[in-house]
Every structure is written in C-alpha cells, then in structure tokens.
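There's a structure below that I have some questions on.
Which chain is which? They are A, B, C and D, in the order written, and residues in each are numbered from 1.
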Amino acid sequence: MKNTFGNNLTVTLFGESHGEAIGCVIDGIAPGIRVDRAYIDRMLELRKPKGRISTSRHEADSYRILSGVYEDHTTGTPICIMIENTNTRSGDYAALNVIPRPGHADYTAQLKYHGFQDYRGGGHFSGRITAPLVAAGAIVMQALESKGIYIGTHISSMGDIKDRDFEDYISDIEDLYDREFPVLDESVEDKMRAYIEEAASKGDSVGGILKSAVIGCPGGIGEPWFDSVESMISHAIFAIPAVKGISFGDGFSLGRMHGSEANDAYRMSGNGVITTTNHNGGIGGGITNGMPIEFSTVIKPTPSIYKEQDSVDLKNGVNTKLKIEGRHDPAIIHRARIVVDAMTAIVIADMLVTHYGTDYLCNTDL
Amino acid sequence: MKNTFGNNLTVTLFGESHGEAIGCVIDGIAPGIRVDRAYIDRMLELRKPKGRISTSRHEADSYRILSGVYEDHTTGTPICIMIENTNTRSGDYAALNVIPRPGHADYTAQLKYHGFQDYRGGGHFSGRITAPLVAAGAIVMQALESKGIYIGTHISSMGDIKDRDFEDYISDIEDLYDREFPVLDESVEDKMRAYIEEAASKGDSVGGILKSAVIGCPGGIGEPWFDSVESMISHAIFAIPAVKGISFGDGFSLGRMHGSEANDAYRMSGNGVITTTNHNGGIGGGITNGMPIEFSTVIKPTPSIYKEQDSVDLKNGVNTKLKIEGRHDPAIIHRARIVVDAMTAIVIADMLVTHYGTDYLCNTDL
Amino acid sequence: MKNTFGNNLTVTLFGESHGEAIGCVIDGIAPGIRVDRAYIDRMLELRKPKGRISTSRHEADSYRILSGVYEDHTTGTPICIMIENTNTRSGDYAALNVIPRPGHADYTAQLKYHGFQDYRGGGHFSGRITAPLVAAGAIVMQALESKGIYIGTHISSMGDIKDRDFEDYISDIEDLYDREFPVLDESVEDKMRAYIEEAASKGDSVGGILKSAVIGCPGGIGEPWFDSVESMISHAIFAIPAVKGISFGDGFSLGRMHGSEANDAYRMSGNGVITTTNHNGGIGGGITNGMPIEFSTVIKPTPSIYKEQDSVDLKNGVNTKLKIEGRHDPAIIHRARIVVDAMTAIVIADMLVTHYGTDYLCNTDL
Amino acid sequence: MKNTFGNNLTVTLFGESHGEAIGCVIDGIAPGIRVDRAYIDRMLELRKPKGRISTSRHEADSYRILSGVYEDHTTGTPICIMIENTNTRSGDYAALNVIPRPGHADYTAQLKYHGFQDYRGGGHFSGRITAPLVAAGAIVMQALESKGIYIGTHISSMGDIKDRDFEDYISDIEDLYDREFPVLDESVEDKMRAYIEEAASKGDSVGGILKSAVIGCPGGIGEPWFDSVESMISHAIFAIPAVKGISFGDGFSLGRMHGSEANDAYRMSGNGVITTTNHNGGIGGGITNGMPIEFSTVIKPTPSIYKEQDSVDLKNGVNTKLKIEGRHDPAIIHRARIVVDAMTAIVIADMLVTHYGTDYLCNTDL
C-alpha cells in the first residue's frame, strides 16, 4: 500500500522536503479524543534539530490540522496534518540528481522514479517528512495515555558508550519526555554529545542504538503469523529513515543463549499472571502477554558527511568525487527517538482498535 | 489482515498442528509458471526434522495442490497447498491448555482465544504450519530463478561458533541447497551439531543467527516509507516462529560506526552502477540498489526444554511446576533457514509483481 | 486483493470446477462461535441443483472443515473449508478453450491467463466455487443470528412474474429458509417454474431479480465514502457470477422520484428513532440507520444455452458456430439467492467486527 | 480501509464542509505523468454549481497541489491536493446536530460519531468533498487518455425524460466534456432543466440516472470473484453521495431477458475479437473483454428540500418538524456526472497498474 500503513487505524504520508508542504492523514481514529496542541508541540519540539549536534536548518514546523478535529476533539473522520515548507535552500542540492550521495536514497530514487523525483533535499525520502508523523503520533499517544499505555525510547548505546536500562518504566519514560537528549543515566549525555561533536569536527557522523518500551498494553493483542506484534512494529519502524535493524526482548543475544535462559517463567501476581523475566520482550507467539513490550532499533550514521566520497556521474556514466555541501546532522538518533515513539504509538493503537473496535481509544464519555 | 500477507502476491495460512490439515493459499501468482514437484520436495526435505538434533516426530509432509496448477503450470488463479496431519500424539499436550509452557504461545493464545484455541501441539502457533509456506515458497522460488534471482540462508553463528560469510554468492547458495545442515564452511558443521547435542543431552536447547542473501533482484524495487524492502521483509520474517530480531547489511554494528565507514561508495561497472561495499545490504531509502540484499535473523532457543520450569495453573490461579514431555527439537535454526528463504521469496516476488505487473514472474512464453 | 475479500473478517477463495478441490479460508472470525453442521448442510442444500429447472450434474458437496474449528466451536484461527470434486465430466468442455462460449468467462480468461487457465467446466469462474462460500457464510450466519441479525433473499421478479414484497421480515425470512424455491407468495412459484421450464424446453435460459433484507443490524455501522455499506455489499455481491446490477432501497426508481417522496422521515419509537418509510434501504451516508437493509440484485440469464451461437475459433482466428453440450442450468437465480445471503452475512459480519472488535460475534460466554 | 480506496493506485480522502480544508492524497501514480492545470480546472468547472438549478453557495475551488508534482510532472510519490474552505455560512446548520434532516447522513453520523462529528454543512459527508476527488481524477484521466482510454457520463434519464444512447463514443464523450449540462441529445437539455426548475419552485428536488462509458480499456483487466471490474467500480461509485444503484450493460433489464438475448456473440474483427452486441457492458467473468465498459448509476433526489418534514429532536427524544434553510441544489445529477468520471478513472487506472505495473501510466519517455 505504499504510503499508507495500518489495518484499522491508518496513516498516509505525503510531501517532499522542498515542495509546498509535507503532511499525513490519520484515519480510523475514534471520535471524542481530546486533542491538546501543547502535547503535540512538545513532541514536535523533541524532533527539532538543536545545537551543535544537529543541522542548522531550522523549520518552524508550524502545523495545521486541516480536518478531523472539531472543538478540540477528534470527530472520527480523517485528520490531515499539514506543515508548509518555508526555510528551503534548494540550491545546495542541485547536483544530487546526477551525482548520488553514498548512503542516501538519491540513486535508488533515480532507479525508481526515472529522474522525475523531486530530488531537492532528498525529496520524499527526507527525514523531514517524519515531522507530521510525530504530530499524528502525538494525537494517538494522548489517547493511549488515557488508557494507561505509555511509550518511551532512549539511546541505549552510541559507539561504545552505553546508557543504563529501563528501571522504573513510568518515571523513566516521564523523564525522557523532559529531556532533549534522551538518556536515562544523565551522566552519559556529555559523553555521547562529545562523541557526536568529535565526529562532526572531522566532517563525519555517528549512529547508535535506541531502546523502546511500551507499558500498559493489555495482553492478547496482535495476531499469530503475519500480523504479529513484531511484524507490525518492525514494518512501521523500518519506515523511519536510517533504521537498519530491530530486535525484541534480548534480541540478537538470543543467538548465544539456551532455552533455559531465554524462557520467561510464569508466576501469579495478585489475580494476574506475569513473567519473572522478559527475555521475549512482552510478546509470545506474536501476541502481547501484558509485560512491557521492549525492542531495540539501530540507527545508522547519518549519510550526509562532509568528507569527500567516491560516487558516479549518472548523466555521463563516469566515476567522480562528491563533496556534500549544505546543512546536515552529524547524528539524528537523539531526534529519531521521538519518531520511533510516534510510529510505535500508531501501531499499538492500530492493533488495539482492531481488537477492541473503533471506539476503543475515545477518552471522553460517549 | 491477520493470516494473509502481501500486496499483490499474497499468501493465506491455515491449520493447526493436530487438526485435520494445514495449508496455505497463494494468490496473485502469474499464469504459466512451471511447477516442478521435485523442486518443492527438495525444499520440504530441508525443513524436515532429522537425526539427533531434531524432534522424533516425523511427518510425511505429503502435500496436495488442490487448485491453481493445471498440466504442471500455474493457471494464474489461487494455489491451495494442503498437508494432512497424520502422525499426531495429542495426549502429550493435554495439560498445556491450563499450564502454559514458558517461551511458547500457550499463554498468549489463552488470552486471545479465551480457551477455544486448539492447544494440541501448539495448535495454530506450531512451527509445523511453516511446511505449506515452504511449499508455496518453492513455487515462487522457481519463478524467481527463471528471472536470475537466487536466495540462500546459512547459520552465521550459534553460541560462539561462527560460519564464514558469503563469498561467491551463486555457488554458496547452490551448496546450501545441497546441505541438510546449512553452513558455508563445512568444518563448522560438526562443532554446531556437537553444541546442539550437548544442550539436548541436558534437556536444553539452543538458538542462533541466520544470514540470508538475495542475488539478482533488480534495482528500483520497493517503496519509500511504509512498504520499504526492510519493512516488507521484516514483516514476513517476524511471522516465522522463534524469530526475535532482523537487521540489514551491517545491522546493529552500524550503531558503532561512523558515516564514513557505513556509506557505500558508488562506482561504474560496465554500463551499470555498483557499490564498492554493501554495508546497507543492497537497500537505500527502502528501495533496492541492485546489490545483494543481505539480512540477519536471530532465532531464539527452542522453548520446549525438558528441564523443570516455573509456570502457573491457569484454571486454579496458582503457581506450579511444569515438566514438558513429548518430542521436541533441541534446535530449529537449521530447519528454519528454508522457511526464511521461502518467506523471502514470497516477499521479493510480491514487490516485483507490484512493480512490473501480474505477468512478470511467468517463466513460459505467453 | 484478488481472491481475498474483507477488512477484518476475510474470505479467501480457491479452486477450479474440475480440479482436485474447491474451498475457502475464513479469517478474523471470533473464537467460541458454535458451529452446527446441520445448519451448514441446510444452506448448502438450498444451493444444490434440483429437478428439471437445474443442471443434472449433482455434486455431493460433502465439505471438510480442515482447520479453525475444535470441539464444535470456532477457535479464532482461520477456517479452511474444502470440497473435493468428484463428479466431473471434463470431456464435455474440451473445445471451450479455443471456442469461447458467449456470455461466459472463457474469452476473458484466455485474455488474462494466456491459455494456462484450467478451462474445464469454467475452471475458477464456475458457479460451483460458490459452494464453499455458502458453507463459510453459514458459519457466519449462525453467529449473526445469535446477535439477532437475520438475512433473507427472495426472487422478486422473473420475466414479468412478480413476487410480493417482504411484510413480516422475520417470518418471511424463516419461510424462505424452508423453501427450495425462494418466493414469498407461494402462488407465484408454479408460474416461475413454468417460465423456466418453457425456456429450457427451447434450449434457452432465464434471469431475474433478487430482493434481500438484513434485519436487526445495529445503526452506526459502515463508513462514509469508500467503505460505505453500499460499497462493501456491492463489492461482495458483484463477485457472484451472473450478477450485473445492485440497488439499495427504492433503487433505480429513485431516478423518477422527488426528494419529498424519497426522503425517509424520522419518528420516535419507544426510546429509539425509526424512519416511517425505507426508501433508502436502511442506509444513510453509507452508514446503517437501524432499519432493514434492503437491496435488489439482478441475475442475468444463464449463459449456457443449447441454441447454436456465433463465436470464434481463437486458435485459427476465424468465425465459427458453437453448440454447447453438457449439463447446464436453465436458471440459477433460485440457487443464487443463498449465495447472496452468504456473501451478505460475510460483509455485515466484517463491518460489525470492524466496529465492535474481534470478539463481537462470539456467541458463547467468553 | 475507511477513507482510502484502491489496491495499487489509491486515493485517501479528508475534510469537512466547513472545516479548514478538504482534500485527498493519490498514491501509487507513476512518475512522469504530465500534469496540466487547465485540464484539472476544466473538470472542476463541470462540478461547480451554476445557475438556477444549483445551490447559490459558490466556492472558488482553488486547489493547491502540495506534493508529488515537480516541474509539471508527477514524481511518483503521493500527490496531496488541498482546497481551503472559504465561503462557509455555518449558522445555517446549527440545529442539524439535534434535528437530523431526512435523507441526509445527520442521523447516522450521530450514531457513529456520538455527537463529536463536525455537523456543519454535512461535515465529512458533504458532497463538497468530491471536489478534490475530481481534481485527483483529472490527473489520472490525463494519463489514461495518453493510453487511448476515454471516459464519459451523461444523464440517460430524469423523471420520464430520456436522453439518447451513446453512438459514436469518442465524439460523444468529447461533446460531454464541452457541456455544462451533460446530455447527448441537446434537445432534451431544456426539458430536463425545466423539470428541475419546476421541482425547485415547489421547494422540492429531483434525481435521475447516469450512463457511463469507458472506451479503449484493454481486455484481460480485472479479477475473477472479489476484485471483478464490477466489484471495483461499484465499490468506488457507491462512495459518491446520493448513489443508490449501479448496473452494468443491460443491467436490471437482464431480469426479463433470455440467455439467447443476453449473450454477446463473438466475431473476428481484423485480427481481434469483438462482440456483436454489448449486453454485458464489456465485462465477462469480472474481466474486461475489450468492448466499451458501460454502466448506469442512479442518483437519488437531493435530500435538502425546503418543504417541511417530519423529524425528531435527538436531544429531547421527541418528534418535531423540520424546515431546512440555507442554500441547496434542487438537483446534483448534472454535477455528479464528473465525479462518476473521476472515480471511474481512478478505478480503471488502479486495475491497469495492478496488471501492468507501476510505470504503466507514465505518458512521458522514461
């Protein structure tokens, strides 16, 4: 379905980095969800580039909600969120149509769109297109929170620098939403910033690994086989530019473990059932078990580096050198985390709506 | 869409481990594809349990093609592949409905299906259901091969034992199809088998990591954002039981790399463009670039172990101990590889059909 | 999606008239629905050819439920229903691959499948493939009845012979299920039978118009725009061979009416709202209003007639004459009605599940 | 999928009559299609209300293309078309939230959205939302025309006034695009206008029947069963407000015909095959046969009439009278015809793209 994702709660994405506007349409969302603009602003703020570790292209990201919201509540009809592009310097990108940037989508876009793509600023492939996704995710997140479901993501590692794991999920997630740089152990922030700045000073860039948690999702959600929770979340997360891997629970470490180490034992807890460990990340047979859903995502280093790179001149069919100009991020992982949260919120909401029906997410008395 | 996957070439799965039959329906497949039963048999054979490293439940896996194939060619209409269940010992599973096995779907199935699930042998969650998927994948694989597209998967690591990487893709893939135990460096086979047998001797099980390659897929296939090649492959691969992570190209290592290390430089090669490295696994911006598509998949240790485990008695709401009886695999990774190949074939074919149209896969003169 | 239909409750169809078997997979159906084989048999019986007004090809239609039902209840996983083909006389059809029958799909199948189609007996286009749809519909219908939703269809006209309209919906629908020949006014049955037999005696065939009613469907179901109740029902009903038109409420008569005649006034009835007329067939803005959903379907005359017809020899590219042999129905409308009921049940159930969630149709205490 | 329609070429709709803006997103459209704004304007002009037979609410319908078009060609990425709402008089509608207008969606919207819907001007159910659909259809139509495919719709009857049938399809369709009032026989225009005006003078409204033709569509397009050409077209056409019936070829007349009258005989015509009649509307077994695709659509009388009507006060649960104020159309059929053309273009294009692949519609050298 190309630029539409979801089964019952869907999001449709549109826009190019230097076109008139970018945006998305969320459909299948319940009527009666209160829409708090301050909440959306807060999430958009966490995606914005800031300081020396980000691009100097600053966009106001002032979004308009064109439809689907009336008197501060969702109407139940599609919500179109639009952000007009204003601060564009297309000249910087003029040559990229013919000399593709390594690590970017320039070359594959050329293969797919035969030269008709709007290549300016990466066009439809630009990370900028995630801004309306974050706004959409914010509306969904508010609805999830009214059901006691919380989602948060931190940088678990960058180079050899490691953050601590989630401990008290709720307070950790709250803290993350207060932090521009998403780490749980505040003492690692300076190290990671220094690591990014050092790469930036050499015209280079860095990647890292994000760890996400979803708290409060009921058990029994998701499907065996093709719409497993892992399938749905991974489908959505791989849509985010620069993501190259995802794993649930103990992830790739499971390849070195034995069954006796990887199985999560069941125990009664009050009237409910819990697992005493969470090696499987809250999911069994593709279905939630009520424990925190946990997954890790690897973000590759930003491909836009200032070092000279080998490329080709597609027009003339010869090898050439490329030196990228313009304004670029030496790291995007600290900004990507809120995009991961937004996409996760959309997927979880979609699965809940599929299971409990259209009106489930409504947080107002119907 | 629950048990149906794909956009234009779809597969719909049905069946329970100890029900009447298991099977799948493949739809959207071109007419005129030659169906070679020996080819299907060969792929099914690679999925079968064998020797001391597998379960002693042996199924004939004699499949019937109920529709969609006429005079040894696909007709273009849905192909239903059915395998009747014969060798079932349901008694072994009687208690699992109330005492869920750690690491299995017993508990989440109970949450989702409220006790109405056919719990015998894991029911609809059984790895056995992958047999018809492999048969379906085999039909698709034959069509892909006629287009010069080849897919292969080996065990890249198990515990601390590592196989070598792909070198000559075509001959490596050919070799893998000749080997019951899928490693590229034959000298590691004995080590891995010994590692499995040692775990088995202790009533335990092992996991591992698979590495897959798709060779010959044209560039320009896939979509930006939601139907990226990574999104589609991961969606399909996470449908396979025991998969808990997937990564493309250098995967999670990218979290420790710099942009200058992770970018794949472009060079002319004859009239075409190649990349001199393949850190991004043949995919840029979600779209194929013509290089090998490479990804790694982690298979968790088989949850059915013979050691006593903590669980709960769901009927009485009390803690209890569980000791699993029956016939189980101490490892499934060597069998799972062909399932990964089959699902990958289906996804790649789906994306090709979406791009080039319905008749693309036909390998006969139309 | 080709041979799969539905959003959350889906049906996937497979099979050819003279292949090994025909069948379908229903997915997204709640666990815990009691499956009564006698109920399924009764609906299949109403589809079977009988007497002088039908083909003399008699199929046992003994179906097998391969999956998704355990201890007489749905498990919540996909239900595969299979009917093996036994009574096939393929020789009758040998030439149809090259000389297409007017009114049939022979020629369009050739265009689409390039000669690889299984042309015997109409192959995948055969009306016979509706048998598993009826069985699937029967399972769904039982679930709907437990929610107080009833569906029935009668022949409202055939040639110039007209049946009376629905009066007491519930008892009319009950009567229809007791009648092999579905008319409300029993006095028209003989006239319609005579009309069919007269056509048959001349080697000709007849069509007619069906009128259907759905009683008890809650208001507020369906979607504005693309998944309107009319859109979903029509999509499903046009899948039935020989259907060439569908209309809701007063249908095409609305083209001669004024707004003051076509609008349905609202009135209070107890605590609820009803309309005093039902010109709009229970649907406003694509959404149910709680009144009976009513629609008419035209079934074209069976194309298999014994009169000599003009056709072409596709192999040699020349005009030719065709005289159809074999066993054919002079009318299928009296058999098609139960297929309309089955497809309608599936669509209504799909919309209810979308609205109320996965478990809605369960008719057992969860 | 609620507000998204299509398999490979999709359209997603958003907006409310009196909200900020209305619009749609078209996705899956080939790169390289030339976008001619004059062509879009011409189609939008045919949808606009004009003269005494239409509402006096005049909207500029000045649309913006926010994405997916670059240098006057499609880029291959989603096209978002947006029309801002300017000329709104919401006060007219204030009471409709509690006193639903007969024939409108007010009551069903209330049932579905629980009072959160934006009821002003019919909100999301307003016929106004068809404007962006027409703009989207115009882009698709241009691409179809470059493939020799033409679509046109006329008013075949209104009350007892009948237009002539299509004769020379191409020139008839061209004429229709030059006419504000879409009839083939210009002599009936005055009669139909008088018929509308007479109803309007009494505060009443009229409906009618549209006849559409698609010329030049290749044979072999569409699917048996669920995605038959009839299924896909009807699904899309029933999305248009006020449509209550659709039929293909001879439609409901087939209920009075014999097989010998309804079958379309095949004949050679040059190297190709044609049918000598077109009772089946260019479709056999759900698949195109290369003849004109023809269908009829009934448009119900506009529900907004000025006569006093019976309704209910939903707030107080009592019967009441309703007298509609504001600006309304006494007929919309002459405006609806271009919406039918637009939706038909989108469906035909979707089926062609499914069959021939993503790049098929490109009308520029790739």
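Basically, contacts are C-beta pairs under 8 Å (C-beta built on N, C-alpha and C of every residue); 3 or more make two chains touch, one makes a residue touch a chain.
It should be emphasised that the depicted structure is a prediction, and the values quoted were computed from it without experimental measurement.
Shared contact partners of chain A and chain D, listed by label: B, C.
Interface comparison, C-D versus A-C: the higher count of C-beta contacts falls to C-D.
Separation between the centroids of chain C and chain D, computed from CA atoms only, is 27 Å.
Chain B and chain C have CA centres that are 38 Å apart. Centre-to-centre separation between chain A and chain C, using Cα means, comes to 45 Å. Of all residues in chain C, those that touch two or more other chains are 1-4, 7-8, 13, 77, 112, 124, 224, 359.
Touching chain A in their complex are the following residues of chain C: 7-8, 77, 224, 354-360.
Chain contact summary for the complex, chain B toward chain C: residues 1-4, 8, 10, 12-16, 19-23, 25, 27-28, 31-32, 64-68, 70, 73-80, 82, 112-114, 116-118, 123-124, 359, 362, 364, 366. Residue ranges of chain B in contact with chain A, taken from their complex: 1-5, 7, 13, 100, 102-105, 107-109, 111-112, 124-125, 129, 157-160, 199, 204-209, 219-228, 230-232, 234-236, 238-239, 241, 243-252, 254-268, 271, 273, 275-276, 280-281, 283-290, 296, 298-305, 307, 309-312, 314, 317-319.
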